[in-house]
Every structure is written in C-alpha cells, then in structure tokens.
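Heads up, the next two complexes both have chain A, just with different partners, chain B and then chain C.
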Partner chain A sequence: MRNEDLRSFAIRYGFIILLVGLSVYFSLEASGFFSARSAVFVFQSVAITGILALGVTCTLVVDGFDLSIGSVATSALMLSAYSMVVLEQPAYVAVLLCLAMGAFVGLVNGLLIVKMKVPDLLATLGMMFLLIGLQRIPTQGNSIATGMSLGDGSTAEGTFSAAFLWLGRHRFDLVLERLVPVPVVIFLLVALAVWIFLEYTRHGRLMYAIGSNQRAAELVGANVQRYKIMAYVISGVTASIGGILLAARLGRGDIASGNNLLLDSVAAALIGFAVLGAARPNAFGTAMGALFVGILLQGMTMMNAPYYTQDFVKGAVLVCALVFTFYLSSKSSAARKV
Partner chain B sequence: MLRRQMLKIIGAGVSVLAIGASAFAADMPAPFDKPGDVKIALVRYLSTGDFFQSYLSGVETQAAALGVDLRVLDSRQDAALQADMVDQAISLGVDGIIIQHGLTESMKEAAQRAVDAGIKVVAFDVNVENEAIPQIEQSDYQLGKLALDQAIIDNGNDFTAGYVYVPGIAPLDRRDVAWKEAKEANPGITEAAMFGTMDNPIANSVANQARSVLQANPTINVVFAPYDEFAKGVKIAVDEAGLTDDIDIYSADVSTADISAMREPGSAWVATVATNPSVVGEVSVRTLALMLAGENPGASVIVPPTLITQKFLNENDIKNMDDLGSKMPQFQHADVSVADWIPLPKR
Partner chain C sequence: MTSTVLTIEGVCKSFGRNEVLKGIDLTLNAGTVTVLMGANGAGKSTLVKAICGIHSVDSGNMQIGDAPYAPATAADALSLGVVAVHQSIDDGVIPDLDVATNLMLDQLTKPGAKTFVRDRMMREQATEVAKSMGLKMDVRMRVSDLGVADRQMIAIARAMARSPKVLVLDEPTSSLSASEADRLFALIDRLRDQGVAVLYISHRMSDIRRIANRIISMRDGQVSGVFEQDNLDYEGAVTAMLGHKMTEVNIVPKISYAPVLEIENLSLKKNWPAFNLTANEGEVIAVTGLLGSGKSQMADIIFGLRKPASGTMKIDGRLYTPSSASDAIASGVFMSPKDRGNNAVVGAFNISDNMSLPFLRAFSNFSFISGRRQRRATTEMISQIGVVCQSEDDSIGTLSGGNQQKVMIGRWLLKPSRVLLLDEPFQGVDIGARRDIGRHIRDTAGNRATIVFVAEIDEAIEIADRIIVLNEGNLVGEHTNENLNLGALVAQITGEKAA
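== the complex of A and B ==
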C-alpha cells in the first residue's frame, strides 16, 4: 500500500521535483543563473517553441499530429518580412497576413486529413515540404532584408516597422526595469488560453473524447470532422504567431527550414505528457516541458557545456519523460484495477 | 504589317549581335572561338542560403560573359547523388566540370573518372586529392585572421573574449586555426566562454545561448563570431542585454542584411571580413576556362578576403551588397585567374 502511494506520488510530482532540483543545482553551480533576469531569459528562449508546442498539443489531443508547424513558422517569418520590406505594408497588415496564412494552412491540413482521408503524418509532411519550398520562391532563395536587390533591378526600400519589432523586442517593467519581453507575455497568454480551452470548455473536452475514442465520440453526436479541422487550424495559427515573434526578434527574413523548431516543440509537448502524471497531451504540461528544456539548456550553456551534450541531455530527458508516461502510469492504472 | 517590321528589327539585331560576337570570339583561343559549343557543368553539394545563391549567380554571369553553355546539377546535400551527377555530366559530354563543395570520400573517385574521360575539372572548397584538379578556395584562415587583427587593433591585446564555434564544419575549423594562433600569440586574450550551435534558425538559437553566456560572464568585452549567422545571434543577445556599448563583435561573411545590422545606430557588430561569394563563382568559371584553353591556373587558386568595418560602411553610406561592390572595388572583383581574352561580367 505504501509502495503504491510512493509510486503514484512519483508519477504525479516526480517531474516537477526534478525541475526544482535542477534549478537549485544550476543556481549553486552556475554563477548568474539565480536572478530575475536569468529566469526571464529562460522564458524568452522557450517562448517561441513553447507557442508552437501548444499548437501541437491541440492536434495531439484529437489523436493527430502536425509536422508542418516548423515550416509554418518560418513561412510566417518570410511572409512578414516580405510584406513589410518588399510590399512596404504596415505592421498590422503583416501580422494579419501571417495569421491568415497560418489559419489557411491549418484548414488545408485539416481538410486533407478529414475529407481526403490522408493520414495525418503524411498530409502534414507534404505540407511541410511544400511550405519550405514556397517561402523561397518569391525571393529566389534569398533572405529578405532592407536594401536587397529585387528581380527588376531596383532595391527593396521598406523596413521592419517599429511597431512590429516591438512584438519581439519590447520589454515590460516588472519589479526591475525592462524585464519581461513581449514574446514571454504572449507565450503565457497563449498557454492560458489553450489550457482553459482544452480543460474547461465543452469543445476542449469533446476534443479529448475524440482523441481517446473517435467512434464513441461520433456516436454521442460530436462533429468529429469539424473538431479535427479546428485542431489543425489552431495549430497553424499558433505556429504563425511563433513565426511573427521570431521575425520581430531577428528583424529580418532569414530562410530556414524550421525543422529544429518542429523537433523542439514536439519534444516539449511529449515531455508534457509526464507532468502531474497526466499521461496525455495537456497545455500545462507542454508549457512545463518547454520550460524544463529551457532551464536545462540555459544552465548548461552557462557552465560552458558544448552543444552536442545539450542535444544528448535533451534526448535523455525526453526518453525519461516517455518512460514516466507509458510505463509507470500503465503500471499504476493496472495496479488500481486489481 | 507591324509584325513584319518587328521581325525585321529583331533580325537586324540578331545579325548585329552575331557580327559582334564573332568579332569578339576571334580573339579567343580554342575552344572559345565557338563558345556556344563549350558545355560546362556545375555540380553542387550545398545550395540553400544567401552564400550559395550568390555563388551561383557569379558562376552564371561569368559563364554568360564567356558565352558558354552552363548546366547546373544540384545534389542538395546528398553525397551519393553528387557523385552520380558527375557521371551524369560525363555522359552529357561536357567539356568542364566545377565541383562545388562535397565530401572528399564520395567525390574523389567520381572526379578521377571525369579526369579520365578527358574533362577539365576544378573544385571549390572540397579537396578531391587529385593533382589534375585545381582547388579554388576562399581563404577561411585569412578570413579569421583579418578579423582578429582588427579586434587587436581596436581593443589592444588584452581582452576577455567570447568565442562562437561549432567544431566539425570545415570552414569554421579553418577559421578556428586563426583564433588558436591569436590566443597563443597574445597571452592577454582570455577565452571566457566558447559556445555555438547550428540549430535552425541559427541566429535565434545562438541568441539564446549568448544571452546565457553574457549573463554568466559579465567581463566579456569582445565576441569573435566567425560566421555571420553567429554574429547576428550575438548581436540580438547584446542588444537585449543592453550591452551595446560594452561589447564589440568581430565576424566573417557579409550580406545585405548583415550590412544593415552593422549599421544600426550603436551596433555592437563593428567589423566583418568577407569574400564576395559571387566573385568566387566567377573565379571558378575563369579557372576552368583557363584550363580548357590549355593554360595552367596552378594547383591552388585563392580568392583573398576583404576587411569591412562599420566605420567604412557608415562613412560611405553603404546600404547593400551592390553599394559595397562599387565603393570597395577589391570586393567586386578579384584579380585571380584572369586573362586578356576572358571577358569579365558587366557590372
């Protein structure tokens, strides 16, 4: 009985304890880790992947998967740069264009999966390649920056507007002056919104129901197709938000495949399964998973650990989290039944 | 009626061009007396990114200036496919091949097959271990050295540095040699931290790392970031930490976007050293042309790099790569592998 309690405690709180333990360790070992600014850096470094991870969480909830988020983000990066630098549009047009593009890509993904019956991994894989190529076509593979030469021999005169850069660079005062960057605030807001949506609205619960048993959900009258499409639209929109923030931070339209963004955010969402013993995709877990990776990388960088050890540790954390999720919790639920 | 006149005009134009071309070609050695019959192939390993895009445009403009028929075969980082593409080029019956990047192991034999087939081959930034094949290089060692020399001129030989490096990437390894030498020659230079990543988007990932490093090592006053994506990332971190006045960034490579980043008011990115990739592309074609005409370009052809400082950019109000080329002639054209009979691309 005692053993049983211990195990369920480990499953529920093990990950959070590990997170706190790591923070204490780095605070003692790495000079400069324990400070408000350093904490904000951690949030900032995970804000963009965290936002993408929250979108992936929504597709995981309906038992789907979205491989295209990384390339949606980099397409949004290029699109925002293109609309401001080449088309000389103001910031709000760039933002709206990107959000619309994200929603449209999500819609197409959803329709391919639901209406055309293409398996989710394959449909979004195709979309990923399509976007990686598409984002380079308007500039013939070049990055976008003010002053670049255009095809017709003229140079691009537009600039990233100050309002747009504000999204990536402004920092709000909180206790200390200029402390909390805008992307962190947006990350927290998106996390809160997705969390409330998934846990506390009828729609969110129906999405979980669809994910665990699609047939049963259908029989109780849920519009499965519409919810699935909605999940991909959410994922596309969050990915484009991530891309907008990336563009605002970089201040230029760099070509990039976004594959690392994809992998990091999927890792965060999967690590999230293990948080609080949820054993299922959940917004709180995803945010914690992203933070966990951020704290690890920040601490290791401060201690001069080379990049390959960081990848190694990231992988080790993911494997541990998956063991937590799939082995321990299946054991405990089996024990409960007996 | 109108159409007939148009045809006449076009016809006249073509004949003028033909006369012009033949008058020109008369001065050129065989096989360039009939340049349209000369076929060359560019076999690429790397193609994504500003550098490779610009390299390609250099190859294209120089090939067009010579009037030769250029085929571009792009293996997109597939080493086996790149070797197959050399065979493909051989069966196309090309006269010359430019191998652009690749792996020694996979390209060595393919390159030898091309040489055996009587094809002239040059290699850019890949060592195919073949005496018949000249190596074209932008000197990465020089690139690193010039940047560090400038850092020492600006900061004295006593400073605390952050160094951005990812081992195992050939050009970065060659730039690393210059850094090791500089540290050895100047004991006053302390390397407080070494970091770096190639995670895409590189600038964003490096910015995250640099933030942590600058927080952990507040004494750093110089950052040596010998790759422009690294420098961009460090600059973002420096700006975010509000340290623009305290830190100087020295880097390598340049692009239009880099120029605007260097010229931002108070930018910490004070100098970069670069070779113009399109000039390297032009040199590759000219070297091949020399060989086709039976001349010997030498075993190694080095395109020298140029130091570009923030001060120079500001003083000359340089906004993009075209401005840089016109204000800095040594950046626009390298006097390497030139001959009287080789027409240079129009500027």
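== the complex of A and C ==
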C-alpha cells in the first residue's frame, strides 16, 4: 500500500520535483543562472517551440497528430518576408497573410484526414513535404532580404517594417528595464488560451471525448468531423504565429532556419503527458515540457556543455518522460482495475 | 472418466485494500463443462485471470493433476495446458492475416521454426485442423472478412491445437447470434467428448441450460454453491449467486393512446417489407428478435444514423427526418447504444463527464462548463439510478460493467426526451443492476415513449408494456405484456408459423 501511494505520488509530482530540483542544482552550480534575465532567457528560448507545441497538443487531444507544424512555421517565416520585402506590404498585411495561410493549411490537413480518410501522420507528412517545397518556389530557393535580386532582374526594395520587428524584438519593462520580450508574452497568452479552451470549455471537453472514444462522441451528437478539423486549424494558426515571431526575431526570410522546430515542439507536447500524471495531452503539461527543455539547455550551456550535445539531451529527456508516462501510469491503472 | 484435472484450494487475491478472492476452492474434471456463474464484481474475471497466469495469487494452491501449478505468465499457463479464450474475440485472432496463418501461428513462434514460410504446406495443415474442429471456411480467407462466430472458433481451434487439459471460455456467446452460438456449443460438446475440462463463464441461462454439467456459483469472492448431477438446480444456482431468489418482475402494462412516434410504411433495408408502429406516451415497448432481424437497423434509423429504404416517421404529428445523431437529439430522440465499451464509454473521463457528455451545452455558460451545475445534476442521477461509486469524480474504468451501464443509461435520463431508445441496455449487466435499470426506466417513462431493443425474451418481459417481434425486417408479432403466450412469441421470433 505504501508502495502504491509512493508510486502515485511519483507519477503526479515527480516531474515537477525534477524541474525544481534541476533549477536548484543549476542555481547552485552555475553562477548567474538564478537571475531574472536568465529566467527570461529560458522563456525566450522556448517561446516559439512552445507555441507550436500548444498547437500540436490540440491535435493530440483528438487522437491526431500534426507533422506539418514545423513547415507551416517556416512557410510563415518566408511568406511574411516575401510580403514585406518583395511585395512591399505593411506589417499587418504580412501578419494576416501568415495567419490565413496557417488556418488554410490546417483546414486542408483536417479535410484530408476527415473527408479523404488519409491517416493523420501521412496526411500531415505529405503536407510538410509540400510546404517545404512550396516555400522555395517564389524565391528560386534563396533566402529573402532587402536588396536581393529578383527573377526579373530587379532588386527587392521593401524592408521589414519596424512594427513587424517589434513583435520579435521589443521587450517590456517588468521590475527591470526591457526585461520581457514580446514572444514570451505571446507564448504565455497562447498557453493560457489553449489551457482554458481545453480544460474549461465544452468544446475542449468534447475534443478529449473524441480522442478517447470517437464513436461514443459521435453517438452523443458531437460533430466529430468539425472538431477534428478545428484541431488542425488551431494547430496551423499557432504554427504560423510561431513563424511570424521567428521572422520578426531574425529580420530576414532565412530559408535554413526553423529546422528543429517540429522535433522540439512535438517533444515538448509529449513530455507534457508526464506532468502531474496526466497521461494525456494537456496545455499546462506542454508549456511545462517546453520550459523543462529550456531550463535544462540553459543550465547546461552556462555550465559549458558543448552545443552539439543539446539534441542528445532533449532526446534523452523525451524518452524518460515517455517511460514515466506510459510505463508507470499503465502499472498504476492495471492495479486499480479489479 | 471424471478424473480431476485442476484443483484450486484456498486461493486469495487482493488489489490494494480490495479483497477480491477470499479463499476459493474448486475442482475441474476431465470431460466436464463446468459453468461459473457470478454477478458482476463477484470475482469471476479475477479467478479466470489467476487460472490463466495473468494475475498471481496471494495465497492458496493450484494443482494440475498431481503437480503444483503456479503460472507466472499467460505463456506459462499455456505450456502447462491451460488455454483461455477471452471475451473480446479480437484478442485471439489477427484480423489482417488469413485463416491458415491464424490457425498455424504457434508453428511460426515455435523455437526452431523455419525462416521461410511454406504457404502450401501450412494451408494443408490448417485445412486438417479446421476439418477436425468442424470449421468449413476456406483457409485462405482473411480473418477480417469473417463473422464474429468464425473468429471465435478460430481462436478456439488454435488453442485446441496444443491439446490442452483445461479450456476457459469467458462469456463466449455475448456477441453471437443463436445459430452461431449453436455451432459453438457443438464444438464444446466435441471437446468435452475428447476429455477436455471446460470452464465456461456466462450470464445467459439459455447457454447454461444447453451445456452445463456442473454449475459453480460465486458470490462476493467466494464459492457460494456447487451444483452437479443430472438434474441441475438452475434456480438454486441463481439464488446462490445473488443471495436472493429470482423473482418474476410484475408489470401491469399501461395502455395509452397518445402517439409520440408514428412509423408509417417503414422498410428498414432495401427489399425488406414495410410496417407501421406507433409508440405512445408513457409506454415502454420492447422490440425483440434474433440477430439480423433488423433490431439494430430500426434503432439506427430512428436515431438518424441510417436512412430507411422507404417510409416516414412522425414525432408528435410533425414529420421527422433525422440525418445525424445530433439531429435526433435536437428533436428529443435519445439513444443509448449497444456495446457500451465501443459506443458509449469515454475511458479517459470520470463518471460525471461521461454522464453529462451529450448535454454539455446545457451545463455551460458561453461554452464554459459550469462544474457546479454539472456535478449537481450527475450526483443526483447517480443516487437515483444507484451507481455504486465513491464519488462522481471516479474514473469510469473503476466501475464494474453493471455500474458503467447505469452511468450510460443515466446519461440519457438527465434531460427529458420524447423518444428514448435503449439498444441492448442489459448487455453484460448482472441481474441486480438489470433490475435497478429496468425499474428506473419504467419509473421515469411517464412523459416519453420508450423503445427497448433486446434479444432475450426474459429481458423484454421484465421491462415492457408491449412486446414487438421482428423477423427479417418484418413486424411479425405484437403482444401486450399480460398473460403472454410464450410459445407463440418464440415461434414468431424464430420465424416458424405458430400452430
């Protein structure tokens, strides 16, 4: 009995305890880790992957998966650059275009899955491929920056507008001057919104029901197809938000950036399963998962671990979290059954 | 002839604080079908799992023949000659492979098996196995193209290839039609003649009458009665299982003439005959018939999941043409589907969320769920319908089958309906819970028309004011539930002309 209590405690709080323990360890070992600036830096480093991860969480909730988020983000990056630099449009047009593109891709993903019955992994894998190719076509495979030469011999005259760059680079004052960057604020807002949506609205509840037993959800009158499509649209829109912030931070349409976005954000969402013993996709867990990876990398960097070990560490964390979620919670649920 | 194969002495098993088996003693004999009866939660499944090596026992002895038997895993149990076919058939077969491969799977996993599969030889062997078990299908067919009964037979046939001493069948007929069940029984007869000790778990009296040599009743983790000899005391067995005598439920049929649902010239499927039916306010109608008689089609059509081949439906005089479940629900037609595990239970949710799932809108303000209102409604329903649980916050998976079913029925009683459809509401439910559910449905039936779809006649008689019989899509009989002519009813169900 003691054992079972201990296990359920470990499943519930183990991950949080690990997170706190890690922070304490780094604070003691790495000078400068325990500071507001460093904390903000952690948040900043995970803001964009975190936003993408929150989107993919929604698709996981309906028992789907979205592999196209990384490429939607890089497409948004290229599209915003293209609309400002080549088409010379103002910031708000670039932002709206990107959001619309994200929503459209999500809609197509959803329709492929729901109407054409293509399995989710394959549909979004195909979409990923398609977008990676598509984003290169308008610029003949080049990155976009002011002054680049265009296909017809002229040069691009537009620039990234200040308002757009503000999205990626402005920092709000909070206690310290110029402390909190805009992407962190947006990350927290998106996290809050997705959390409230999934946990406290009937739409979120029905999406969980669909993920757990689609047939049952259908038979209580839930519009399963619409909710599934909605999940992919949310995922597409959040991915495009991530892409916009990335573009605003970089200040150019860099064709090569954003390679790691997909893996990092999926990892964050999956690590989130382990938080508070949820054993299911959830917004709070996803945000914590993203932060966990951020803290670990920040601490290791400050302790002079080489950059090329980062992916290995992320992978190890993910595997541990998955074992934690599936092995431990399957044991406890097996014990619960009579 | 009746040598003891498996002996169990003083077996105890608890999960945490929950004592499930409290000292079980029983024996299984060669060439005998022993039926194990018990209400949900009596510990049947745990006992079966202990015998099959899925659970280890806390104390007590098991012996096969004279050798001690303590299987650590299911594979262990198999190698010692104990084979089980579980309730969900698809655990026993691989649907994407053909019959031959399914029958010969053990050959593929055997140590020292050849790397390359020789299909022709395998098919020949498989055909032989199939023939010896009385299976007639082509061994090249894919298992996914076969019916439930055939899949089950294949699972049993493969198990028999190991020539086991003990065969455990856990509610094997729960998804079979009568003729399919007959084939299964024929197979069990054959195995019995070969000297296998069969342990057969079932709720169904008709099965038990057909095949039992002995009956063991379980109640509350203990054996409460063993019945053998030629004249099995069925009533005694049920009494031992429930602790009280099986009583007839007395129903005084209500006769009313206030049509709620009017079905006119409805043909359930292409080329099936059309019929009329009117369901009145306050009335409980039981629709009965064999598997394939059109019961499920009828339920699906009224709930908007299928289109009828022809005909019209009216609710309260207005034309009713639902095209989806949400349409039906909006028109006040609710349905509790059959097979709750696949069609109704949301495993990830607690009782409260499961129960209120269809009506989340009513418990929300601007899409935000009001936990307080939801809880108030569900706790009230939990106490009304008698769900045994700690609180409304319990995970649905912690409940026994009967209690889960109460939650699923309670779901559709949370809000008033015009027409309530209950498809096989007593599937996998013990008699106690069945009485509770039946009583509650009748108590609340006043302001709606209720249609219950059941295969078992007993269940129909227990709940209905009026009994409708379907046979191959046609309405062949209609009886008021009073002084029933059972012979005529059964004849209509089976499609024989009543004399």
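A few comments on the model shown:
One rule holds in what follows: the second predicted complex is superposed on the first by the 333 of 338 C-alpha atoms of A that agree within 3 Å, B and C clash if a C-alpha of one lies under 4 Å from a C-alpha of the other, contacts with A are read in each partner's own complex, and residues count from 1 in each chain.
Keep in mind that, in the parts below, contacts are C-beta pairs under 8 Å (C-beta built on N, C-alpha and C of every residue); 3 or more make two chains touch, one makes a residue touch a chain.
A quick note: this is a predicted structure, and the numbers were derived from the prediction, not measured.
Steric overlap between chain B and chain C is absent once the structures are superposed on chain A; the two fit side by side.
Of the two partner chains placed around the shared chain by superposition, chain C is the only one that A:H203 touches, whereas chain B remains out of contact. Once the two complexes are laid over each other on the shared chain, residue contacts for A:G221 go to chain C alone; chain B is not touched. In the superposition on chain A, contact is made by A:R37 with chain B only, not with chain C. Centred on chain A, the angle reaching out to chain B and chain C in the chain A superposition, using CA centres, is 130 degrees in steps of 10. Using the contact criterion defined above for the overlaid structures, shared-chain residue A:N304 touches chain B, although it does not reach chain C. The larger set of touched chain A residues comes from B, when the choice is between chain B and chain C. After overlaying the two complexes on the shared chain, residue contacts for A:V20 are found with neither chain B nor chain C.
Put simply, the nearest alpha carbons of chain B and chain C end up 31 Å apart when the two models share chain A.
In the superposition on the C-alpha atoms of chain A, no part of chain A is touched by chain B in one complex and by chain C in the other.
Partner chain C is touched in their complex by these residues of chain A: 1, 4, 200-203, 205-206, 208-209, 211-213, 215-223, 280, 333, 335-338. Looking at the complex, you find that chain B touches chain A at residues 47-50, 53, 166, 193-205, 207-209, 211-213, 215-218, 232, 236, 239-240, 242, 255-257, 259-261, 319-323.
The touching residues of chain C, counted against chain A in their complex, run 15-18, 20, 41, 46, 305, 324-326, 328-330, 335, 337, 342-349, 353, 357-358, 360-361, 363-364, 367-369, 395, 397-398, 400, 411.
Listing the residues of chain A that touch chain B in their complex gives 30-33, 35, 37-38, 41, 44-45, 48, 74, 77, 140-149, 155, 169, 178, 181, 246, 249-252, 254-261, 297-298, 301-304, 306-307, 310.
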